[in-house]
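One chain, subunit A, links the two complexes that follow: it is found with subunit B in the first and with subunit C in the second.
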Partner chain A sequence: MHLHPILSTLRRHRTASALIVLEIAVTCAIVSNTVFLVQERLSRMNNSSGVVEDELIVVQLTGIGEKPDAAAATEVDLSALRSIPGVRHVATSNMVPFGNSSWNTSISTIPDDPNTVNSAMYFGSQDLLEVMGLQVTAGRDFAPEEYVTLDDVQSKKAQAPAVIITRGLANRLFPDKPPIGQPLYVLGKNPQTVVGVIEHLARPNEGTGRENAAYAIVLPLLAPYTVTGNYVLRADAKQASQVLTSVDTTLNRIDRGRVIMGRKPFAEIRREYFSQDRSLALLLTGVSIALLVVTAMGIVGLASFWVQQRTRQIGIRRALGASRGDILRYFLLENFILATIGIVLGMALSYGINLWLMKAYQVARLPGTVLPIGAALLWLVGQLAVLGPALRATKISPAIATRAT
Partner chain B sequence: MFAYYLHLALRSLGRNRVITALMVLAIAFGVGASMTTLTVLRTLSADPVPGKSHRLFNVQLDPRPASRSMPSTEPPEQLTRTDAEALIRAAKAERQVMMSGGNAAIEPTRADLAPFFADARWTTADFFVMFGAPFAAGTPWTAVDDERAARVVVITRELAEKLFGTIEIIGRSLRVDGTEMRIVGVLDTWRVNPHFYDLNTTVYGTGEQLFAPFSTSRELKLSRSGTTDCWENAPEPEALGAPCTWVQLWVELGSMSAVANYQDFLTSYSQDQRRAGRFEREPTIRLRSVVDWLAFKQVVPSDVRLQTWIALGFLIVCLINTIGLLLTKFLRRASEVGVRRALGASKREIFTQLLIEAAVVGLAGGLVGLLFTWIGLGMIRSQPTTYAALARLDLPMLGITIALAVVSSILAGVFPAWRGCQVSPSIQLKSP
Partner chain C sequence: MLQMKEVSKVFRTATVETRALRALSLEVDEGQFVAITGPSGSGKTTFLNIAGLLEEFSSGTYMLDGVNVANLDDRARSRLRNEKIGFVFQGFNLIPDLNLFDNVDVPLRYRGMTSGDRRKRIEAALDRVGLAKRMRHFPAELSGGQQQRVAIARAIAGDPKLLLADEPTGNLDSEMAREVMNLLEELNSQGTVLVIVTHDPAIASRAPRNVHIVDGVAADVERKPAAGATTTAS
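Our next item is the complex of A and B:
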């Protein structure tokens, strides 16, 4: 197929062609950026928590008024929850990954270091690592005698001797030596010894910045439910829904005067935490589709006009021996050329938009992989949109050429 | 003449239904998307205390020690309890309130209601008058109640109806965290959005259901919610003298000179504290009005602003689309225009006629766009975000939607109409 007749036709319809090219360019620029934003959100939603999500149930409980016997009640609660059929392990925990409410602390490797690292601070009863399914990949879990109560630590009667840290934090604090056995200043002037390293444990939220996302520690601190607020249950994934229904009755049987703020499988915590990302991803996908539909409508409108305008020209070409396929290919190729010019302009524009987004909304740099997606989408939409008018053009009878219009 | 052009426009639009529908839909899409996001943006940046937002000021001081490597340009966003109580006692503003968020464990007397938690605010007597909280029954507590840490509460109508089934409950007792408190007032429905006076507990939402004196909350050690920042290890951050900021303080100042005077007062207070050894840094104070405070805290989520930009980009594509479609439509009418030109119509008249046709398309697009906006806002409301429920279409936005559609389609029509009226009468008459 020769390009020459197409190009000369387009030159004669400069304004209309320019409008289509412009529309495709702007659409391409916006769609590339939204595809990228959606990708970013989706990958964020897949962030690992480090815990065995499909086996975990989190119960939030709080007391009313002063509860002097809370420590004893916690033990009673734990053993009652443990006896629910299907529950394998139970522990208290001061927070859970993606749970939003967080305890953070500043840690350093030398005393009184002004350059501290902000880390999430997990603590709970003895089975906590077991419950969350956290594997100690170097060193060991806490020994039973290492546990002290939070009360004693706050009143300076005791000190936590040990700490377990994530691999990410170990790499940040001890880049060139094994972390096990190193001192870490977490609580006050006396250090804790690093006894173990776990691969990953996500923070409850990202409030302290993305660069701190991999920094978490676990301390051997015991505290009653009135302080920790969470019971974490590890159950067989299949029995989780049955366990969920017996949590309230089990706890209320022990003490009715408390408030169970929530009981949910971990999947729900994840869903709630990322709900904003999900809704933005959905919205952006919707806008992108609407944008492509509008662009397609523009192409359909203009192509129909051109087909109508060139009825006689098409009839003559048919009379001179052009097949229906030739006519179809002519219009498809014409649209392809317009789309290509639009896509090239659109890519430049999308980098411009991305630069501005990077400045205004801390969006990352547009990766090269997004551009082929944007281009392919617009080529596809262009070809589909022009197909209807082009097929109508192929139905024009060669006899038109013989009639004077 | 206008009526005649309108008639011509309607006939022309009716002649080519597919193109007309495409144009109307494109405008409707663009306008619908833009108006949906603009409505959300407008809702979220609404003035939470209309008429008073320039008179209310948030107070910031810098009580932190000099030694730490903390930036000194911006003081902490909250005050220590010591400073807040001192400034309340000084009473140098027209009105002043100190406060903190809290959780109230409520034990209903009704047997069918289990104990539950309600969001609470521990504050001082001026709170209600200063922020314009409407009372359905009773009155605020008094400054004397603050001094004596009286066991009094003000609750919302919603909570009153949930607990008692009525709001005629002044003087009755409510059990909060194990203590009997006397109900002195019931607030009528009152939504403060954004929740400007404490953005740490919530930004957009339903607000607190129970209010009690700050002094009472400390005496009873009622539970707190919000952000606490300590620069030293503090076993009891809420204690008087603790090195922690967790109290908000707002003052009402009626004039520019009152603002300047209060700033001087805060500076001299800081200097006094420094001389006394409590403060270590050069006095750094901030006195931000509600408007400045909301801007400083960037309360409008950046996701929402991003959506607005994307929607406006969408509108641009829809307009380019409309320009293209109008162009084809007007050029197709070359012969009709030629005849009218030959019969004496001026270029200006043709131009006007074509623009009116564009405006009719815009009006239709606006009406359909209104429907899309309504659907779009319905979708936003079904989202789980806290601000979602607030997004509603009101009368001004309704008008703006239609205006946006008509104005943008007239703008889109200018170039096609100009091209459309460049028809020389003779040529068109020659062709049969």
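Our next item is the complex of A and C:
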């Protein structure tokens, strides 16, 4: 190991060494944070919706003017959509995961509890759970007689007797007891009884905070398409494109006096919902790559300059017994030392930047796993960047030592 | 110690072919002190480079301490150079970023010795040239003569059998030159083979044997062989 003479040499070239260390430190700090932000975005993009995404098609429509017969028309629509070849189940739904538009409610386990929990509130026709592919893992699905209309609930003629909740919400509300049979205050002073638990159903958006992301309930409330705004179709994945093309014709044949605002497979809803995350991840990746390239160029520049400046010194080392391999290792080790100092400083700076991001933008704490990734990247970039100049150095002839200075 | 038979060196460019050495033959035995002289461009430096394994030759054979160097790869040549040869250059060739201790340490590190062994050798070598007390100084803080003494310390720290000196007093005033030559002669008297390339007749006259190189061919010009030693050159 030639650690001592390298350190001695670097001490005599403090300014150039400090500049490259600083460049590496800043790159390490920024790259570590961007790697973390990219990781976070990619992880968010992989968030589970809880529904059978490959098989779902969502149709958004709205009526024009008053539709006094909307409930009956909804039944006709559902029946017609069900008859499209490839469609297995159809339901109305007031919202869908990642659909952005969300019905939220505050719920509690005791009446008039000031410490309520914010939850997404799904409701739709009787096939909704089946359509979305939601498995009841504890308790049961709603019984047909438990369904009431939203109109009757709002006019206090009836009340929803039951509720199904997600596992995340069950764990939050009933950490110490089984949730099935427990009362839940969702719609006023009369409680709904928890009859079932589903593993997961993502909210349409994270507007109320990531801490609430796992909280959703399903109520047995019936409402016409003019209220729910969505038909959700579960179709054979292989026939999804034919189903999509048939939706408009089918609905328009029944009633042309409404607007079909969109029909899209669930994959498209997911893509649209996470488009900003994807763009940001790409942008940050681009910035990181650009920074690494600039740093690599800096290293190449400095290493080339040092090789040129030390041409005679390299020849002398060769004359004194250094092999080509020794010269190559000398420059690689020198770069490794500079990179390591830069990385150590960069790690401290990373945490500083992360603390600022946590305060200013509510970014999560930088996990320890990100720093080894940043460090490995910088080491790799450094070694690759210095390889060219170092290989040029190995070609310097030892005979240069006998030439006049 | 050093046997060259019909060694030639040809430098080729796209348009020019230059013969720096023409079938040069030279033998130098154990314990000898040989001065190599000759006009500029005669091939002295090329001879020194080839003798010191700093440059490869075009044809002929070269045995260094019984090793045929012709077919050695870079690693083996570097190892042989490191173990058998010590260099003293006209321009000292110390590394300015390293102090005296670290400068003398350079060839020893390439030999893979332990730090304890290296330290003993460095201190002994610097002590021998009278600079042990200045081992933490940098070359720029020394006079030319002192720098050349450090270069000699570096050359002898590894205990080489052959010392190759290229105009070792060329950059020194006469007092310092005498000092350096005394040191080199002392080393030779202790058994180290000394080959000096020089322009200076005064230096050459101190050598028992002079070899003159002209147009890439070597010839003995004066014979003052040491007891028991045999020399030939052509």
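Throughout what follows, the second predicted complex is superposed on the first by the 403 of 405 C-alpha atoms of A that agree within 3 Å, B and C clash if a C-alpha of one lies under 4 Å from a C-alpha of the other, contacts with A are read in each partner's own complex, and residues count from 1 in each chain.
Just so we're on the same page, a residue touches a chain if its C-beta (ideal position, glycine included) is under 8 Å from a C-beta of that chain, and two chains touch if they have at least 3 such contacts.
Note that the structure is predicted; figures quoted are calculated from it, not measured.
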*Examine A:Q182 and indicate which partner it touches, taking first as subunit B and second as subunit C; both and neither are also allowed.*
neither
*For A:A401, decide between first (touching subunit B), second (touching subunit C), both and neither.*
second
*Now for A:S323: first (subunit B), second (subunit C), both, or neither, which partner does it touch?*
second
*A:H4 contacts which: subunit B (first), subunit C (second), both, neither?*
second
*Touched subunit A residues, subunit B compared with subunit C*: B
*Mind working out whether A:S108 is in touch with subunit B, subunit C, both or neither, as first, second, both or neither?*
neither
_Let me test your reading of the model: by the given contact rule, A:Q159 touches which partner, first (subunit B), second (subunit C), both or neither?_
neither
*Under the touch definition given earlier, write down the residues of subunit B that touch subunit A in their complex.*
18-19, 22-23, 25-26, 29-30, 33, 68-69, 105, 107, 114-117, 177-178, 233, 235, 302-303, 305-307, 310-311, 313-314, 316-318, 320-321, 323-325, 327-328, 331-332, 383-385, 419
*asked:* Can you tell me which positions in subunit C touch subunit A when the two form their complex?
replied: 45, 48-49, 52-55, 74-75, 78-79, 81-83, 87, 89-91, 93, 95-99, 102, 105-107, 109-111, 154, 158, 166
_Touching residues on subunit A, where the partner in the complex is subunit C_ = 2, 4-5, 8-9, 12-13, 312-313, 316-326, 397-399, 401-402, 404-405
*asked:* Quick check: in the complex, which residue numbers of subunit A touch subunit B?
replied: 15-16, 19-20, 22-23, 26-27, 29-30, 34, 37, 62, 64-66, 114-115, 154-155, 188, 256-259, 261, 272, 275-276, 279-280, 283-284, 287, 290-291, 293-295, 297-298, 300-302, 304-305, 308-309, 357, 361
